[in-house]
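Beneath this line is the structure, given in structure tokens, with notes to follow.
A, B and C label the chains in the order they appear, each numbered from 1.
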Amino acid sequence: MKAHAETFTIRTRGKGTTEITDKVAHVVRASGIETGAVTVFIQHTSASLIIYENADPSARTDLHEFFDRLVPEDADYFVHTAEGPDDMPSHLRMVLTRTSEVVPVIRGRMTLGTWQGIYLFEHRSAPHTRTIVVSVVGT
Amino acid sequence: MKAHAETFTIRTRGKGTTEITDKVAHVVRASGIETGAVTVFIQHTSASLIIYENADPSARTDLHEFFDRLVPEDADYFVHTAEGPDDMPSHLRMVLTRTSEVVPVIRGRMTLGTWQGIYLFEHRSAPHTRTIVVSVVGT
Amino acid sequence: MKAHAETFTIRTRGKGTTEITDKVAHVVRASGIETGAVTVFIQHTSASLIIYENADPSARTDLHEFFDRLVPEDADYFVHTAEGPDDMPSHLRMVLTRTSEVVPVIRGRMTLGTWQGIYLFEHRSAPHTRTIVVSVVGT
């Protein structure tokens, strides 16, 4: 049995998605674990993680637009407004997606499907530095 | 410490939910692991996983209708339309549910509650063959 | 390699969020595991788990209001109504959030960010006793 964990940061450019698959794959390789699972975790409440289509960028354009409409910035019932109009929608968009993604590891590699990538989903308008923790457990 | 992983496929009949609890339970038993956790992972971006009420089928009827309304097929702002009107909504319904579900294992069994089942949630209109990876880690 | 699992119950006061971070941290400490991951799992289909902002309670007020509006109780298409008007919305609010949350463990502690807490999200109107299973795996 082995367990291995690493932390890295990503600088975002404001709202949108940034692929982090290669960075996670690097930690899996460094772990030397052949069979098990990797947990990817984001230490924030206004950004989140998703596993998403990595082939056609238009699918990510529509994703961003969908979340802008599902959780609008100008909801008149928000009381948590001290940090600006994009803050409360950020928490809600985070809670509708994921704080962690878990992927099995077989023969030393994540078992992602052909079109799957791991993405950091930034919900704030301004650029932020986000911390990601990756933990691999197995044999 | 042990780790054990298996892959299986499910043929769906188009949009809707298919229970896979028994197939996952089979992998947990095969692992011989008594204490730990099992990760269930779907290798697709237009189908997803949920843990859902397994008693009354009407709860699944309402689930399907809810997602059809929350993410309609005819949104006029979609630009990712090359694969048909049900493709982009499939990615969004996936991102609002899960690519993986993780369940603790105690005394060799998943700790699902009485009314909980693990379901594959197919979002495409046409039948598809979906690949599920199950990884168990523990002692 | 070690694996350790414990179960506890939480009495909710009806709809709303209850922080369970300390209870999960207690299980992580009891496990003696230094590096790995902890899985928190709720054994119910009308309550769920989220990792959420733990600083300003107003962010939780807006969260509750948002889910009340996103999944209203009076949808005229619901057929799963035998258990009352708050039952079917509970299943949908559960499926839009999480049944499990997974957090890496480093140096014997969960790697939660400064503003992150683990919350039980009760979706039924009446108080309920909810069972949570915590499983820690690692070295």
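Keep this in mind: a residue touches a chain if its C-beta (ideal position, glycine included) is under 8 Å from a C-beta of that chain, and two chains touch if they have at least 3 such contacts.
The shown structure was predicted, so the numbers you read here are calculated from the model rather than taken from an experiment.
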| item | value |
| --- | --- |
| Same-site or different-site touching of chain A by its copy chain C, using the half cut | different |
| Angular offset of chain A relative to chain B [C-alpha, multiple of 5 degrees] | 120 |
| Interchain centroid distance [CA atoms averaged], chain A/chain C, Å | 19 |
| Multi-partner residues of chain C (each touching 2 or more other chains) | 1, 37, 70, 96, 98, 102, 137 |
| Partner chain C, residues of chain B touching it in the complex | 1, 35-37, 50-53, 56, 58-59, 61-63, 65-66, 69-70, 96-98, 101-106, 111-116, 137-139 |
| Partner chain A, residues of chain B touching it in the complex | 1-5, 7, 37, 39, 41-45, 70-71, 75, 77-80, 82, 88, 91-92, 95-96, 98-100, 102, 131, 133-135, 137 |
